[in-house]
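Taking it in order: structure first as structure tokens, then the write-up.
Chain naming follows the written order as A, B and C, and within any one chain the residues start at number 1.
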């Protein structure tokens, strides 16, 4: 009977294993299945440029830089890039948008809040700085997060979020808005729906109006009704469009307050200065705790009672700057860190991922292509050269890049990066939650995977040369610079 | 040893739990992952209108009303809306289409059949009313369903279906056709492929031809070959396009009968009057049975033998009108009932869901936005006011609606509904199988999720006002009207 | 206690069953959920033609035939069709593309290699024919496969692959490139990125440039920068676009060799003759082994050590020509064999499937429609007649087809095939990994699924005729020819 019990135990373990296995496979297979993205534009790229922001919008407590969403590289990739520089005590107003967003914290420290529909208010602020102590000043709200340089924050579409700079230097956020994401059922414009304030007109996407203007230019007609979008000079928050009596009734407030929340005379823009240092309490986390932080789907909701929806306890951020988390590391060349849906599970629903690269002076990345994603590269430090090559062998980009510039490597296009004399650092946003890269050179590469005879015959070179081509570079992805000006042979 | 057995048992339960958990997560995660929809059109909406049908098609035993599929709100949402009013003994001819469909039974009772490819004929009619009793008149066919007012019926694309009115009042069906659904690999036209009859020309979508006309108007050219679609005056059933000899051979029938099924001289239209009361037997279900009815995936096929395909035993309908099934209920305001892939699992493959709202006189719905879906609102009774607000705070719709009108709230756009003096009832079709809504006011809302300090600084209001804004309305989604004309303060 | 152990065992089995069940459902449900495909073009088809290749490109050791990707049937289906005829000792150069590919081996035998990013080099060639025996001539590379007539090979997008003819007759490959596949994030052009050689200009898709020309013709403008794509006369391999110094450094080779791999003066085209018989070793498999070959996801990687990624041990090929594997067989009519994600699991990620049909002389296929896929039909032998019918009953195709011709049956359109006097054989590529077909006639068909009373009233025929229509043809899908010229009645 003992053996039968043992057998049943064994079986149980087997089952347990199978289940886990099954689940892992599910995860894996989902990665295999790229969701369709939408194409309104062509990717016939002959030349693209390194881009700096096209327009700057000043707010009370910061500036917002927007890259030209009509540049053909962004139209091909179906994304938009925005950077906020938030001053001390600056608050980026709560807003939601029709696209998922990835935020990279380039600089500074802050507090971030994301409000998920239907999730409970699990944080309690004591409100000890309330001016009016006569009344209960306790406040309950949804989770807020500390963010710091190097954090990646993922925000699903339709979720309202805000940032506040509680540090002592500017808080700089680089945002990717994925307009071609399956979650966006509207057109290719990104749209920010501000819950408060009086947002500037220039903030909104000008993609559709650009397109229309292009078409109108050709056709010589004026589409009325819709054509007036860019002529409108009042851009209001979402409450601005509601009748104030209905607002008053919905919130059960007086019409004076209802009028207030429409913020019609607010000139502060979208980044406002907090009157007092914002008293939003957030538990400070040790790094060890952060490591143990519960995952997205599997979370048992540390301390919560289980009635929350799945999203409620999702982890939204991951630090990509920490050298210890590097996925590829070469002490003579640099490192590469990847945040995808395997280490930040909410990316599975957002369908985006991020790669952080740090190259030491003169080091280089293996030539490669992105198999299942576009790669939008934002330079964070240093300088370097990037070459991007298309299907006809045409060089669509060959140039030096410096801090703050953006360039896009479209799916399938071959890319090489080489650091300059100060080293080269970047963050690449990728339009797939598990972006895969195929290397052309190095120990793990396509050329290595080919038989020597195929290499020799394909390139019309000798077998010895084919062997050199396959084997001379023993590093993976992050390559050290050649010892000499003319590269030596190992033969 | 007893303890070891106990341990193995415990483990088993653990495993069982894990499995279930894993599966639930799969379901959940799939909801998180919105499938891409297709965009051919822009969503630059400045003003939209409440719409009534644009064209009416008369058939022998009923009329079909079609909303203008070229209205910009439907082009943005990628859907079409059709209403059939079937008289007593009227049969809506069997047809399939290139899009999934949701049908809401607005009025009456009837029988519905959907023929799934490869599924067995599990229903047997005794055929006792056959005129010719000399021969075996037994008949086997696929499952048929009783439908009644308030039922939602989901029909995957490519599945042939028919409806028959066996009640004593008109059977009114409101259909949503989701042309932008991933299941449709053709263009944005909806296409009905009738298996019988001789359908009217006006039935087919005029979206592509409209588009082409628009373009042609601009370009002054005439695309031959394709341009003739709308000039064709013969619209036949699918057999009409086949050679009658091939048909005769395929069905192993004589050519006379083959010619008959092409129905070339049939003038009855798509809703025909049955010669005799249709003798299709369907087991009458008690409500309790219906409740227990097996689900879509998990079904063990009550009474079937297990060789059927998954779809064969899928439940296709769910009554959304039953007050007991309400998901949100406020005795002073009304109720809200939701049918999504969690309670009608076939919606997972159809990627649509439905919401039914009933507001008592002067009650209102919380202002909200649809996070991951468009919402196509069909008014079923009463009157009320709807306001819809876009990303610039522009009011794209502000008007009174009455029975039979349709208006679309695009994804992300903010919406508020307020009942008039007779109350307000509607059904909203949503382009996501698990459409999520984010409330702006009330006990579970975005404003509640924000810290008081963020609310105060964002709107430039005092902390007391911020607290009022957060807390004054304690209801969820369905709000009772204010007691007085001017709303009172709780402070 | 024995009974308690038994109980725990029972429970275990229950759990095991549940798990398996759960997993199967997952698979099933994924099939139910068609991923969105992209639509740039209309499917307003009034007439389509049987197509032969539009252009032929000659290479050193073979020819490549390309069908007109701008034909409206391919634009509607979002695919391109290419055929390579590789002579003996011919090597189709390694390349990857932006779309998944399905390859049908129409003729001959060969070796095929696909290089998956990050997978280990698990094959070892002894290199005994190396000219220079003084140095180690051992070579390690990724898996290579024997292919033979009737094999279907699935290639995910972004994976580099090559073919080599090691047989004694031409190796003929028919390729479907699925440009509207969710895996392609670029536009509707197919793009081949060759790793070696100097590909001919005509190889690349002319879809976008065609579109642009169409538009330019209308608009009378010349888009500079992008408009030059088709005027460029140098098409190079991907290394051709990189700086040769960077290449030298990346591969750690001298610049002479770096210059060589750019192959700028190579005139051999994309199919080159191997200098010597290619010595790539591949284990010859018995058919029994092939049957047992491990599946895609579930594979435990026969002999590998478990650290490979999921794709590394995926099975990529399946023989569809073997009569024993037929899914539908009628000794008097022919057979039908289907390869979908259930028997070739990598198709789940590729989202394509294949059907192989063999009709004996004068036999016919049941009239049917493709519920969730387009069907691109390539005739491999014999002759036959195909009719394709649209939503208005219009016959968009009615013609005789012969070997080497292609015709497309769009989703939902009704199709019938009838073999000529020599029989009729084809392979149909379908744009869904589990394409489903709904029959109109025969034992398992839509007409059978309808109640007799519905059939009679729909077609206005007698119940007896309705019964004939339902029951006279007892075969499934593959129908034997009628005994007489005029079909007999069973009544």
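Observations on the structure shown:
Operating definition for what follows: contacts are C-beta pairs under 8 Å (C-beta built on N, C-alpha and C of every residue); 3 or more make two chains touch, one makes a residue touch a chain.
If you want to know which protein each chain is, UniProt gives these names: A, B, C = Legumin B-like.
Note that the structure is a prediction, hence the values are computed from the model and not measured.
Fitting subunit A (Legumin B-like) to subunit B (Legumin B-like) on C-alpha positions gives a rotation angle of 120 degrees, to the nearest 5. For the touching copies subunit A (Legumin B-like) and subunit C (Legumin B-like), the fraction of interface residue numbers used by both falls below half; the interface is of the different-residue type. Chain geometry summary: the mean Cα position of subunit A (Legumin B-like) and that of subunit C (Legumin B-like) are 35 Å apart. Counting partner chains per residue, subunit C (Legumin B-like) shows two or more touched chains at residues 1, 5, 8, 12, 15, 19, 22, 26, 35-38, 182. Within the complex, the subunit A (Legumin B-like) residues that touch subunit B (Legumin B-like) are 1-2, 5, 8-9, 12-13, 15-16, 19-20, 22-23, 26, 30, 35-38, 40, 91, 93-94, 96-98, 113, 115-119, 121, 123, 125, 127, 130-132, 135, 137, 139, 141-142, 144, 156-160, 162, 164, 182-189, 191-193, 195-197, 201, 204, 208-209, 212, 219, 221, 225-226, 228-229, 232, 234-243, 246-255, 257, 260-261, 263, 266, 268, 272, 274-275, 278-280, 297-298, 310-311, 348-349, 351.
Residues 1, 4-5, 7-8, 11-12, 14-15, 18-19, 22, 25-26, 28-29, 32-39, 41-47, 72, 76-78, 180, 182, 218, 364, 366-367, 369-374, 385, 387-395, 398, 410-412, 414, 416, 418, 431, 436-442, 444, 446-461, 463-465, 467-469, 472-473, 479, 481-482, 486-490 of subunit C (Legumin B-like) are the ones touching subunit B (Legumin B-like) in the complex.
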